[in-house]
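One chain, subunit A, appears in both complexes that follow, with subunit B as partner in the first and subunit C in the second.
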Partner chain A sequence: MSETPAAQACAGSWTQPWLAAPLKALQELNARHGWSLCAAELRAIQAHFTKIQREPTRAEVETIAQSWSEHCKHKTFTSPVALREGKSTRRYKNLLAETIMAATRKLKAPWCLSVFQDNAGVVAFGERWALAYKVETHNHPCAIEPYGGAETGVGGVIRDVLGVGLGAKPVLNTDVFCFCPPDYAGELPGNVLHPRRTLTCVVAGVRDYGNRMGIPTASGAIFFDEDYRFNPLVFVGTVGMMPADAVISAILPGDAVVAVGGRTGRDGLHGATFSSASLAKDADQAAVQIGHAIMEKRVLDALLKARGQRLYRALTDCGAGGFSSAVGEMAARVQGKGGARVDLANALLKTSDLEPWEIWLSEAQERMVLAVPPKNLKALGELMALEGVEVCALGEFTSTGRIDVRYKDERLVDMDLDFIHEGLPKSELAALWEPPKQDPCALPRADGARCAEILRWAVANLNVCSREWVIRQYDHEVQGGTVVKPLQGLHHDGPGDACVIWPLAVTEDPSDFRGFAVSHGINPALGRLDPYAMAMACVDEALANVACVGADISQAALLDNFCWGSPKDPRQLGALAKAAEGCRDAALGFETPFISGKDSLNNEYVEPKGRANPIPGTLLISAVAPIQDIRKAVTMDLKGPRNALYLIGRASGAIGGSLLAEFLELSGGALPEFDAKAARDAYRRLGLAANKGLVLSAHNLSEGGLAVAASEMGFSGDTGVEIDLDKLPKARDAAGEAVLLFAESPGRILVEVATACEKDFLKALRGILVSRIGMTLANPVLRVIGLDGRILLEEGLRDLKARWQKTLPEKLLVALPGQNRGRK
Partner chain B sequence: MRSPKALILRTAGTNCDIETAVALKMVGAAPAIIHVNEIKSARVRLMDHDILVLPGGFTYGDDISAGKVLANELRAYQRELRGFIRSGRPVIGICNGFQVLVKTGLLPQTPSNDQTASLSFNDSNRFEARWVRLRINLQSQSLFIRGLPEIIELPVAHGEGKFVVKSPKVLEHLKKTRAILMQYVNEEGKFAPYPYNPNGSLFNIAAITNPEGNCLGIMPHPERFITRWHHPNWTRQTFLMDGVGLEIFRNAVTYVAS
Partner chain C sequence: MTKTNGKDQGNLLIQSRGNGKTAGAATYVVEVASKLGFNDAPGIALLGQMPSIGVCGAREVRVSSLYEITGRLSHSQMDILGRGLLCDPITQEFRLDLSASSSAFLIGPHWRVEVWFRPQVTDPVGESVCKAVADMGLPEPDGVRTGTAYQFVGRITQSQIEKVVAKLLANPVIHRTKVAQL
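Here is the complex of A and B:
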C-alpha cells in the first residue's frame, strides 16, 4: 500500500520522516518520545516500513515501542546470552526458555494446566477447580508516586488473574517489598523520596486497594537494605480460583472487541516504556496511573457473573500499553491468522480532547477487553448496566493477520501482526560471572554472653522484627477463608511461615476441606555473594515455608520475579543468568515446576554525572501448594511444655550472607552447600506427618538461624525452649557455638512433637536427617546448652519478644496508641 | 418447613456478601444476594423476604464516609425498611452494614428517624484487622444471642468503627432500652483500652440493637467465625466457643422458623 490517510491526518503532531532518516535522528525521536527503543530496533522498524514503502504513523511506532518494551516482551530474558564463567562460556539461544521454562517442561507435572502463556500460571486444585497465581512488580511507579503506584500495582495484578482463561476470582493477595531502612539518615537527591514515606505510602496503597476489593492480603515479606534507597521494589501478587473448565479460552473471527470498566483518559501514557528504562532525574509523573478500586470491584463482580453465563469467549486486562497491547495480544490468539479491526471513536473517554493515538496507548486503569460473540452483546450490556459498568464495542476480531485501527475515517495503525509480535531483532548479549573473592575468615568463637548479645541484636534486626504494624492494616480475613493467618500464636502476633486459605467463598461448600498455602523466599544478601546460591535458597525457603504449615510440596508450583539492574552491564547480566540457572536446578531438585514469572530490569539510579547505582540483584520466589485437609494445618507457635523439639537438616559452618556475618561485619564468607533432593524428601515427609496429626508446630530456619527460629516459636506460644547444641548434627566445619546457633544453612525446619507421638513421627520421617535437639519448657525462656554441657545462655522470651516487636514501629516513629497484647 | 428467605443487599464495593450467604446456608436459610439496583427497579421486593442482611465491605469506596452513599440511597426506602423492622423480622448490619444502618437513622432507633450516632475513624487512625473479645449484654431483648455465653470472640476489620453519639442523652437512652448488645473487653472480661477496644468506641460499644431486639448493628464479623477453623488459635484449641458467628445467624433463622 502507498500513502496512508493516517500519515496525512496526523501531520499536525507527526512530521518526522522515518524512511530516509539517519539513525541519529531516530535516536533523538526515541529519546523525545520516551520509547526506550535501541538502535537495532529503530533500524528494524525503519527497514520494515522501507519494505512496505510508506512512512509509519505515530500510533504505529508507539504500538511497536509498547509491544517491544522490556515490560511486555521480556526481551533480555528471552534473548540469546553468552555467559562467560572463568575460562568457559555457556551459550543460551533463549535464556528463559532454556533455564526456568526448560525445568517445567522436563518435569511434565500433570497438574500444571497453563504455564508461561496466559496472564497467570494455572494449576489444578482438585478435580473441579483450578488456581491461578501471578506476581508482578510495580517498582518504577512506586518510586515516583508510592501510594498511586502501589494501588495500581495491586489493581493490575488482580486484573491479570481476572483476565486468565475465562477469568478467575481473586482469593488472596500477596505483597513483598524491598526498601531502604525507614530511619535512613544519609543524603538523597531531591527527586528521590525518603524510604519512610515510600514504605508508609506503599503499605497504604496496598491496603486501600486490596481491602476495598475484598481480597485478603495475607502473605508477604519485607527486606531492608540501603541499596534500595533509589529504587524501592514492590512485588504484588494475586491468587485466583476458577472452575477447571474456564482455564482455556478461544477467540473466533467475528467476535466483537469489547472494552468494559473504566473510561479511557490521559493517565498512564508510556507506562510500559517508562518502566523499562532506568529512573532518570526528570521521570514523568504522568506515566503513573490513577487507581479506583470500586470501579475494579464492579468490573470483577460483573465479569464473574458474565463468566457464569458464558457471555464472552475470552478476555484480557488492559495493562501496560493499554488497548494497543490488549487488542494486539488477543488479535494474535484469534483462530486462523488472527487480526482485529477497531474504531477508537467508539471508546468511552474521560476527556474529549484525547488524540487518537493517546486513546490507543492510554493505560487508564480498571479496563478489560473481551471477545464477545455478537449475539451476546445485548445480554452483556444489560448485565453490566445492573452492576454500573460501562461497555463499548470497539470493533471485531478478524482473520486478516493484520491489526487495523482507525478513528472514524482516519487510519492510525495498519500493520502485520507478525511484525509486531515477531519482528523484534535479537542479538546475543554478553554476560560475565566472576565469583567474589572468598575471604578466608576465621569462624567466630563466642562465649555465652556474646551469643546472647547477638541474639538480642538479631531479633530486633530490621530484617527479622515483627511486621505486625503492616499486617494489621490489611484485611487478611475477608472472604472468610484465612484459616492459618499471617500472625499466629497465643496472642495472634507470631511470625507465620505461610498462610492457608480455605476457599469457602468460591466453593461455598463447608464440607470440602481442601485448601492451599502460599509463601515466599527472598534473600538478596546471599545474592550479592552468589546469585546461583540465592536462587537455590529462595526456592528452598518458599517451599520450606509451605511445608511448615502442612502443605503438600509434591504438588507445589513456583513463580519467579527478577528485579535487576542494567542488563547492558555484562556482570549484572551474568549474575542474572546464574540466578536463572539456580532456579532451573532448584526446580529440578525439588521436582517443583515454575508456572509463571516476571522480570523488571534497569532498576538503577543514574546520577547526573552518569554513575549508575543498581539495586542488588533480587529474586523473589513465590510458592503455592495444596493442603488436602485444612483441619490438619500447623502453625509455628509452640503449643506447650514438655514436648520434644526436632531439627530437620544440618548446619554447616558457612555463614556468608547471614545475619551473623552482618553482625561480625564480614562482607564475604563461604556459602553453605545445599542438597535440594534431601530437602525435598524431608519437606514431603513433614507434610505427611502433619497430615497424620504428628506435628504440633513447625518453623523454618531463615534469618538468624536456629536461635531466632526457636525464640520466635517460643514467644509466640509463650512456652520455653531448651536446646542442646551437642545434639545438633554438624557439618565438619561447623564447630563454634555461635555458628551452630546463627548459621542460615538452607533446608532446615524446627519441629515440635508431643512425646507420645515421637515414635510415629520418626517413623514418618525415616531416612531423613532429623535430630532430637531439645524440649519445650513451661518457663518462657530460651535456654541453650553449650557443647561443653553447661548452660551457654538463658534469655527471657518476653524480653526478646518486646525487642522483636518494637523495632519497626520505632523506626517508623509511629506513636503507638497502646501496648501490644503480648506485653503485659 | 420452608427455608427462611434471606436478602443480602449488595452494591458496588460490598465484599462480605458471599461468606455471609455461606453462613446463612449452613443454618438452613435460603440466601439471595441482591444488588440495590434490583430493589430500585422493583425487580425484587424487600417485603418478600424474612431476613435482611447488610453485609460488610466498602460500599462506593466509603467515599464521603463509610456507608454514607448507600445510606443516602436507602433513605428513599426508609418507610419500607422501618416496616420490615416493625414487622419483627430479623435485620443485621455487619461492619459496613452497621455503618449504613446508623447513617440511615435506623439504629439507634428513634421516632424521628434522625441519625443520632455515627461510626467514626478509629483512634489509631488506620484500618486494622484483629480478633477481639466481646461481652454480651444478656439482659438485652436481642433475638440473635440466644444460647451464647457472656464472653465471645470475633474478628474486627475496619478503619471507621469508633461508635460515637450526638449527645449524652443518646447513650442514656441506649442504656435504658438495653440496646447496647456487645462491648469490647479484655481477657478478664473488663473494659480496657486499645487494642482491646480496637477503635476507641464510646463505652466500648461494638454492637447495638433496637429495643425490640430484631435489628442488630455489629462492627465485628460473625460470618468470619462460622467453624472452629476460623479461630486464630484453633491449632491450640484455646477458643472460648467455636463457630460463635454461626450461632448468631442460626438464631435469626430459628426465630423466623418458629
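Here is the complex of A and C:
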C-alpha cells in the first residue's frame, strides 16, 4: 500500500510552487497525485492563480481536479467535436447538448419534470407522484475489487435517487453487466481478475447491497464478449418515487451546510479523477471502498422522515469527490451568486489522523449533504438520532460567489465558483468515423438439419442463455410490488422482457393500479459494425421490451449510458459521436425523450509496452414507461394451445452483428434498415391492445431472432409452436429460411392472441404491419414449416430449454448440492 | 502468541487470546461454522470452483466466519455474544479457542486459510457488530474486525493452496491472508 502514489502524497507536505513552474514540472505533479489533468487544464489553473497573484493550496488543486474530472463534468461529451465522416465534417459546439439533450428539448414532453440537471431524471407518475430514474456505471472500481466496487456502485446510485429534488424513495434496482465469458482460458496479466471471479463477486455485491437495503433488484441484462476481459462494465440503476411537490428544491443563503450519515475516513480518495484515467498496471488502490448497506438504509429512512417534515431545503449525495463535489455543486445552486463557507474541523471523522485536504476530498460512502434552515437544525438532529444517524453542521451557504473552506484557522480553499465550474478550458476534439469494410457475403442457405443445429447452438449461447443463477440471488420481491417478475412463465423460469412494478409501498393506495415497466437495450456486437445502428437498435429494444408487458410507450422516458475507450483516439470518439447521433434520431423517431445519462470513458487496458486494448463501444439504453393498469400486464410465456401467433414488423436479410453471423463466422454483414416511426406506432398500439386484454403473451425478437423468441415463449409456457415461414412478411432480400428464422431485424414482436380475440386485435392494430404466422400447439415442440410447405424442423422444447438453462451454471462451475464429500 | 493485526506474513494461525481475568481490553477471535449435517454453501461452492484453476485434490472444504473483538469483555460475556449474536444456535456453532474440539470444526490434518480485511479498509459488518454488542447491554467493544476461515481437506500442496488464495479467496487490494497447515 505504502508504495502507491496516493499514499506518498498523503505523507509528503505541500511545498510545490505553481506560478513559476514549467509545464513539465506540473505534469510530473499531476502524474504523482493522480489528478488526471491535461496540459491545457494545468496551464489554465496556473494562469488563474497568476492572475490572483498567489500559489494554489493543495486542496484547491484537488478541488479543481475533481470538478473538472470526466466523472463530474463529462468534459469529453460536452466538448466541441469535429466529426469527419468520409469527405464531410460536422462540427458540434457541445456534443451532448446538440444530440441527446437537443432531442429532449425538441420533444418538449410535459410529463418530464426534471431532465439532465439534478442527480436523476424525473418524470410524472400520475398527478400526485413522480418517478426518478438514474443509471450509472462503476466500472473501474469493479475491475479492481468486484465485490466492494459493485456494492458501492449500487449504494451510490441509490443515493443519487435519494438526492434528487427533496429525495425519492427507491423502489427498484437494476443491473446490467458486460463481462468476458466466464470460461475464458486465455492469458491475463497478474493484476486482472479472471472473469468468472469478477462476475460472481459483482453479482454478490449487487445482491448484498440491494437485499440489505430492502430494494428489489428485478431488471437487468448481461452481455458477454472477450473484449471486456480487462475492463468489465457494471451498470447499476435505481428507480425512486417521490411526491410531485418534492421535485424542485432551492437553497437560500444562510442555510446550514449539514453532512449526515457515515463518518469521513481515508477511503476512496481520487475516485473522481480515477475515472478520467485508464487502467494501467499499477492502479491506484486508494480508490477502493467497501459499502455499508445498513448505514445507508438508516440514512434513507431518516431522510424520508425529514423530507415529510420539510426540515431541509435541498440535498445531494456525497459521491465521487466527496464534500468538495457535493458542497461545490450545491453552492452553485444557491439563489443569487451562490457560495459556501465551511469549516472542516466540524466534520465527524473515522480516524483522527486525516489531513484537512483529505477530509475535503474523501469519498467515504453513505454520506449526504443537506441545506438546512438554521431554525430546523435542532429538530433535524433529534430526528436523525432516532434512526442512529450522525449529523454535523459544517458551515453555511452564502451569496459571495466564492467557496471558502477552512480547517480551524488554516485556509484550504478560497476560490471563485465561476472558475471551478466554468474555467475548464475547452478545445475542439477530432473525431473520425469510417464504416468498416463490408465483405459481400452470400446469404446462407441451410436445410432443416442445419437450421436445427443453429437453433440448438443459439439457445445455449452465452448471450441468450438463462440468467436464472444470477437473478435468483437477488431479492426481487421485497416491497411486495413486483407484478411482472424477471423470470416468467408456468415454472417461473422464462426470460421476461421487462419487469413491472406496482409502487404500492410508496403510494399506499390499493385502489390505484398504475405501475411502471423498466427495461434495457444493449447490443455492442452491432456497435462494432455501426454505432449509429447500435443506438437505434438499443432504443428499439428497450422500448419494445416495455411494450411487450403492456406499458404505454407514448409516455416512456430513456436513459443513456456510454462506456467507451479513450476519447483521445479520433476513431473511438467518432464512434461515440455516431452513437450519440443515433440516440438523437431514435429519440425523435420514437418521440421518446432522454431524461438522464452518464458516460464512462477511458475503458481500456494499456499494456506495459503501450498497446491499448479498448472495450467495444457500449451503449446501454434504459427505458421506463407507465402502465395504466398492472392487472392487465402481459408476460412472455405462451398461455395455451390453439391460439394464434402474430408477428409485428418485417424481417430483412441483413444479418450483420447477429448470432447467425457469429455462427457462420461472418465478421461484417449488412445492417437492417429501421423505421423508428413505424415501430413507435406498432408499440403504442400493442400497449393499447394489451390494456384491452387482447394480448395473451408478447415477446421481443432480440438475439437469435424469431426462432429463439418462439422457443423461449414456448418452453416458458410448456406450449408448442408452429410457424409457417411462408406467412412471414419479408423484405425482398430475406430469402433463405435460416435468415428468416435467425435475422435480428429490430422492431419485431411475437404476440399470442386467443382466436376469439383475433378480430379485435387486428382492429386495434389497424395500419400496422402485423401477420398471422402460426398457432400454438398442445405438444411442446417448435415446428417450422419451410417455404416449400414441408416441415423444415421440429425440435422438442424441453430439450431446448435444458440447453438454454445449463450454459451459465456450467461455465460458472456452480457446484450442485451433494458434491462436498464427507459432509452429507 | 501471534499478533492478529500487525504484519501478517507469518504462517502461524491467529489464536484467540481472550482472558476474562485481566482488567484491560482483551482481544478475542470468535469462529462461527455450520454444524455437521447442515449445508455449508460457501464451502460447496468453493470446492466446485477449485478444479477450474487446476486444483483437484481437495476432498472437502469448510468455511467459517471470524470476528476479532477487542474490548473490555469477559470470557462469559463473549460466550453470551457467541451464542446470542454471532451464531444461529440451530444451524451453527462457535468457538473462542481454536483448540476447542467439536464436530463443526475439523480435527484431522488440514490446511487453514484466514482472510481478513486490511486495517485501513472499512469493515461494515464489524461496525454493525460493535453497535449490536452495545444494544445487547454489554460494554461496546473498541473495535470488531471480520474475516473468513477456509479449511481444506485432501491432497493439496502449499503452492496449490496459495493459488486458491490468490485466484479465488482474497484480493490483495483489500485483504491480508494467513495460511497454515494443521
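Brief remarks on what is shown
The rule is simple: the second predicted complex is superposed on the first by the 805 of 824 C-alpha atoms of A that agree within 3 Å, B and C clash if a C-alpha of one lies under 4 Å from a C-alpha of the other, contacts with A are read in each partner's own complex, and residues count from 1 in each chain.
Convention: a contact is a pair of C-beta atoms (placed from the backbone, for glycine too) under 8 Å apart; a residue touches a chain by one contact, two chains touch by 3 or more.
Computed from a prediction, not measured in an experiment: that's the story for all the values here.
Of the two partner chains, both subunit B and subunit C are touched by A:A293.
Contact with subunit B, but none with subunit C, is seen for A:R472 once the two complexes are overlaid on the shared chain.
Of the two partner chains, neither subunit B nor subunit C is touched by A:G705.
Shared-chain residue A:H492: touches subunit B; no touch with subunit C. When the two complexes are overlaid on their common chain A, residue A:E387 makes contact with subunit B while staying clear of subunit C. Of the two partner chains, neither subunit B nor subunit C is touched by A:G521. When the two structures are aligned on the shared chain, A:E508 is found in touch with subunit B, with no touch to subunit C.
Residues common to the contacts of subunit A with subunit B and with subunit C across the two structures: 292-294, 388, 817, 820-821.
Interface residues of subunit A facing subunit B in the complex, by the touch rule stated above, are 207, 211-214, 292-294, 297-298, 301, 386-388, 472-481, 483-485, 487-490, 492, 502, 504-505, 508, 510, 630-631, 633-635, 637, 639, 697, 717, 817-818, 820-821. Every residue of subunit C that touches subunit A in the complex is listed here, in rising order: 36-37, 39-40, 43-45, 47-49, 51-52, 59-62, 117-118, 120-124, 127-128, 131, 153, 167-168, 171, 173-174.
Residues 1, 144-145, 148, 193-194, 196-197, 265-267, 285, 288-295, 350, 364-365, 388, 813-817, 819-824 of subunit A are the ones touching subunit C in the complex.
Residues 12-16, 18-19, 21-23, 25-26, 35, 37-38, 56-58, 60-62, 123-124, 126-131, 155, 157, 193-195, 221, 223-224, 226-227, 229-230, 232-236, 238 of subunit B are the ones that touch subunit A when the two sit in their complex.
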